[in-house]
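Next come two complexes built around chain A: one with chain B, the other with chain C.
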Partner chain A sequence: MKKNASLVQSRQRSVRIAATVFLAPVILIMAIFIIYPIVSTFSISLFDWNGISKNREFIGMENWKMLIHDKVFWFAFKNNLTLMVCSIGIQIPVAIALATFLDAAGRKVNLFKVAWFLPLLMSSVAIGFLFSYALATTGGIITTFSQALGGGKVDLLGRAPQALYAVISVVAWQYIPFYMVYFLAGYGNIDINIYEASIIDGATRGQYFFHIGLPLLSPMIKSACILSLIGSLKYFDLIYAMTGGGPGTATELMATYMYKLSFTHFKMGYGSTAAAGMFILVTGFALMMQTLLKGNGSSNNE
Partner chain B sequence: MNNNRVKSNIAWTIAAVLAVCWLMVTAIPFLFMVINAFKGQFEMLQKGVFELPDSWFPTNFIGVLENGFLSYFFNSVILLGICLTILLFFTACASYPLSRMKFKLRGPIYALIVACMSIPIHVTLIPIFKMSTVIKTYDSIFALIGPYVAFAIPISCYILTTFMASIPASLEESAEINGCGKFMTFFHIILPLSKPGLSTLAIYNGVAIWNEFAFANTLTQSRKAQTLPLAISAFKGEHSMNIPVIMSVLVLTVLPMIILFIILQEKLVKGLMAGAVKG
Partner chain C sequence: MAVRKFFVYVLSALLVLAFTAGCSKKSDGDKGSTISAEASSTENAGFGVSSKKMTITLWDIATEDPTKSTQESAVERFMAAYPNVTVDNTHIQNDTYKQKLIISMSSGQCPDMYIHWGGGPMNEYIDSGFAVPITDLMNEHCDVPFLEAAIAQSSYKGDIYAVPFGGIGGSGVFYNKTIFSKLGIGVPQTIAELEAACETLKNAGYIPFSLANQNKWTGSMYFMYLATRFGGVDEFNAAVDGSGSFESPAFQYAGEKIQEWVRAGYFPDGVNSLNTDDGQDRQLIYTEEAAMMLHGSWQAGSMRNDNEEWYVNNMDYFRFPNLASSDKPQNIVVGTSIGNGFSFNIHDDQEKLDAAFILATQFYNDDTYNNEQLATGRIPSIVGMGDTIEDHCMQKIWADFSSASNVQLWYDQYLPPAVGETHKNTCQEIFGLTKTPAEANAELNKAMREN
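Here is the complex of A and B:
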């Protein structure tokens, strides 16, 4: 008996050693490049610092007080929320519609599938630059069409309310293919027998969609919403390249605001506060989603 | 029955019209980009943007390639190679105990790694910028390795741990009975069997790293260190009014991805979709 127990112990110890060795590099890298920087950002947020000079002044919670009263930051957060609501409201229904069309029409529309997929191959920055020209008033796509139809120039990016919606449309253009492919894969996972059985029972395509397809897709729709939700709060590249947050602060997001504060105006202390604020908001949303979904049981998918 | 068929025909017609509309929404920006990439600066302004260029000779492309575009390209290639090697190896190492060993801290460590998935990179930008100036990697591609690998780890570990958990335990057990230690088992059994998972990860992370912008824009400054996503703004800075030149840069940045898509097809799609796991 005693020998057995020590055998178990030595086995456990060897597992522990192996696990430590295997996990050490990853934990080390994450500690250096994720955990430490987060802590450091919170500590820099207590200073007044331009990022270059050696001396920085400790000002306690002053930056945080400023952030709470910072109209631009909260406006940017509001833009993030608008982007979030519009992204979920536009991208996911359109993506479901496209995926349903591709699934129903089958192989003969492969050309559509490939063409619809194209935006996914472009980087966010490239899309941002492309559309900053494509939506411009001189030589832009929309203006060209409007003039061909006898209208005037269409200034989408130069004015406050429509600039945000223009940006949201471009974000939708970028991400709809992603969710389309995602839902198409979901349709692919539905057992063909279910479809055949429903058709034999006399269901129309529409009935199949609403009573079988959509309910079976719903766990995927849920995870798509979470992805889109968290992604919208962290959004940066495309908008930074396309509008830089402008005109004025019309398309400012938390990330672009933080970036400009820190690396354009070199207010690194306050920039850190904005970054930390963003971190708190994003993590808060992520935790909220997780607790909300836990109540609904697990929705695992690959 | 007949009524149903008419209805279904109408539905298909509407669907087809909408499908063509969406095709135009997707394709027109690409056409805009490609057509104008072949035009001269004033040709584009004088003619309409949708008229075909006078000549299809790639003047702009040659100019861009001769003006240092390749340096961005090779920086991206080298960086990608280094990052993927480090990332895939260490992720595989970490996913092995997380998926196939039993120890006390497994749950908490896994939860911690996965929880890092939703962290916005912006919260780390300033300290990492500061770090790069302290260890003197600022303005070189080496500054980007650490953050790229670190931020790719959480989702990669999640995907690979799930993948490794599906490898049958019997293989590992028989190896152990034959006297294979944990390390031998990892290198000779688990790693080779994980190849499909690793290739998906390589595609997913490869594309993400290839396109990464925020860190690259913060940590590099000069052409000798900048990566492909920064080429566009660099050329825009030099030729802000010459839209065709910028369009040709855009075409050149998309081209590698399109070539990859032609070669890999479904595999690339699968790799790109690997990110669609619950955050």
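Here is the complex of A and C:
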């Protein structure tokens, strides 16, 4: 007995040591590049600091009070929510449709697979440039069509409500390929026998999709929703390249606002508060979405 | 296999596309006149570069010719003259420069000498201890007769902190003289005449003003000129120091006038989505859809570079017209008198500071440098420099600048950074008619008071 116990003990110890050794680098990297920045963002948010000066003044929760009353921040948050709803509502259904088409049509349509994948390979800044020309009021594609049909010039990026939606559609153009590939991989994981069995049982393509394909894909759809949610709440680059948050603050997002506060307004303390606020909001939303989806998921399975 | 090959082709095509898109920004004018300017560097007894081995780190934004070669040659001549000094010169792209500088400062990696534009950000650098005062060096060891306005703009709280080297930048109205003479419009002397000219142009099917206001500072020029013509620099200064307000009549007038002009159709459609970095405002001028453009003096060089013959035959310049009803001085120029300045972050090494100072005053700002500047359409901030320039628009810009009773520095450079951003946003919303001038000015004033 005694010998056995010590054997168990020593095995446990050696597992523990091995685990520590193998995990140490990861933990170290996470601590330096993830945990430390988050902690320091929160601590900087308690200071009045321009980002470069040696003196920073501790002001407690002043920045946080200011953030809660900051109309621009909450307006930016609202824009983020719009972006989030539109992203999930547009990108995921379209991506499923494209993936289903590619999966059903098989090798014949490999050309489409390549073509539809391309937007994902371009850098956001290049896409931003491309579309600011395409959507330009003078000489842009939409304006040219409109003028050919006898309409006037169309100003998509320079006016308040439509600028946001114009940018949202470009974001969708950029990210649909990502989810398409994701769902395509999901289809790849579905056993071919299931498909064959359903066809033998007389299911139509539509029935197969709605009663077999979609339910089997649902875990992936859920994680895609969460990815898209987090992505849209912290979105930055394309907006920054295309409109810089303008006109006025019409397309300002939390991330672009945070960036401007920190680096162009010389308010690193307040910018960090915005970053920390954003962190809290994004985490909160992600957790909420996860529990919501989990609830649904378990009821479906049982 | 064929698919893969196709994939490779498409990808490489895309890469090339993205690459050329990134590189397609045109460089400014490359040739022009060679003019000899007066000597600016002489020997000072007992003052010079010591023979100690030193490395000076220098950051600038000269990523493109002609500024790149002009500035690099100054550094090369310096290093040839003083082989014991190494200048570690880093060029950083303009748009990301300010952010990189801030990060370098906060992480203790601030370069020894660095470029800036004066104004609010310069004051932040000074307040945070990243620029040493060079008043004594300037008074005793600098023979370059800088413009007084340039020195004033390099100063903060009574000390000089920067050596100017980028040249002046004014602003005014570039116009198509062919269109003007075809429609029988004379150069407008007053804002009322300007509006009459706009009406005539509008009726003849032209867009009166070409403006690309996605960048915000472009439209800000209209606001600054209108406010300055109405209230001089005093009203602005009062609004800044708190004895006045941005809700005062001059700013109200500026906002209302702009909206009046927007409603009258004096600006292109989608004005807030056009981008001046892509030259979309110049494009409207080149296609002769638009007749006038209020812009910075550097546009003269850009237009000459784009199409010299067309530019010389068609384009001319006039100063922003007077407001007849105002009793304030009407010859104020909106612009900058230093363009760029070098500040020094060298605290406890006098020999190194001297060396850097000599580089900034005797190699930048020497004859070779100034002639290269002039040849590319920039006028150094030095007395008498503009008298020899040959470009017809630049001659007028220089004349305006020299006779100006005052220079109103760009708001977004002068104001504290957060307030400058607010101004640019509210001004853009004035153009977009999404805020009334009263709302916009109240917001600007609030930002100023909170700062």
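Keep this in mind: the second predicted complex is superposed on the first by the 262 of 302 C-alpha atoms of A that agree within 3 Å, B and C clash if a C-alpha of one lies under 4 Å from a C-alpha of the other, contacts with A are read in each partner's own complex, and residues count from 1 in each chain.
By definition in this document, a residue touches a chain if its C-beta (ideal position, glycine included) is under 8 Å from a C-beta of that chain, and two chains touch if they have at least 3 such contacts.
Since this is a predicted model, take the numbers as computed values, not measurements.
Look at A:I142: by the touch rule set out above, it reaches neither chain B nor chain C. In the superposition on chain A, contact of A:G51 is made with both chain B and chain C. Contacts of A:S123 after superposition: both chain B and chain C are touched.
Looking at the shared chain after the overlay, A:L81 reaches neither chain B nor chain C.
In the superposition on chain A, A:R159 makes contact with chain C only, while chain B stays out of contact range. Comparing chain C and chain B on the residues of chain A they touch gives the larger count to B. By the touch criterion defined above, A:I59 lies against neither chain B nor chain C after alignment on the C-alpha atoms of chain A. In the superposition on chain A, A:L67 makes contact with neither chain B nor chain C. After overlaying the two complexes on the shared chain, residue contacts for A:F263 are found with chain B and with chain C alike.
Judged by the touch definition given at the top, the superposed model places A:I212 against neither chain B nor chain C. Within chain A, the residues touching chain B in one complex and chain C in the other are 51, 115, 118, 121-123, 125-126, 129-130, 133, 138, 263, 268. Here chain B touches chain A in the complex through residues 4, 8, 11, 15, 18-19, 22-23, 25-30, 32-33, 44-45, 48-50, 90-91, 93-94, 96-98, 101-103, 106, 109, 113, 116, 118-131, 146-147, 149-151, 153-154, 157, 162, 181-183, 186, 210-211, 213-214, 218, 229, 232-233, 236, 243, 246-247, 250, 253-254, 257-258, 261, 269, 272-273, 275-279, going by the rule given at the top. Looking at the complex, you find that chain A touches chain B at residues 12, 14-16, 18-19, 22-23, 25-27, 29-30, 32-34, 36-38, 40-41, 44, 51, 94, 97-98, 101, 104-105, 109, 112, 115-126, 129-131, 133-134, 138-141, 144, 173, 177-178, 181-182, 185, 204-206, 223-224, 226-227, 230, 233-234, 236-237, 240-241, 254-255, 258-259, 262-263, 268, 271-272, 275-276, 278-279, 282-283, 286, 289, 293, 299-302. Chain A meets chain C in the complex at residues 50-54, 110-111, 114-115, 118, 121-123, 125-126, 129-130, 132-133, 135-138, 152-160, 163, 243-244, 246-250, 260-261, 263-268.
Every residue of chain C that touches chain A in the complex is listed here, in rising order: 3, 6-7, 10-11, 14, 17-18, 21-22, 98-99, 102, 105-106, 121, 124-125, 127-130, 213-214, 216, 268-275, 278, 280, 283-284, 416-418, 421, 425-426, 428-429, 431-432, 434-435.
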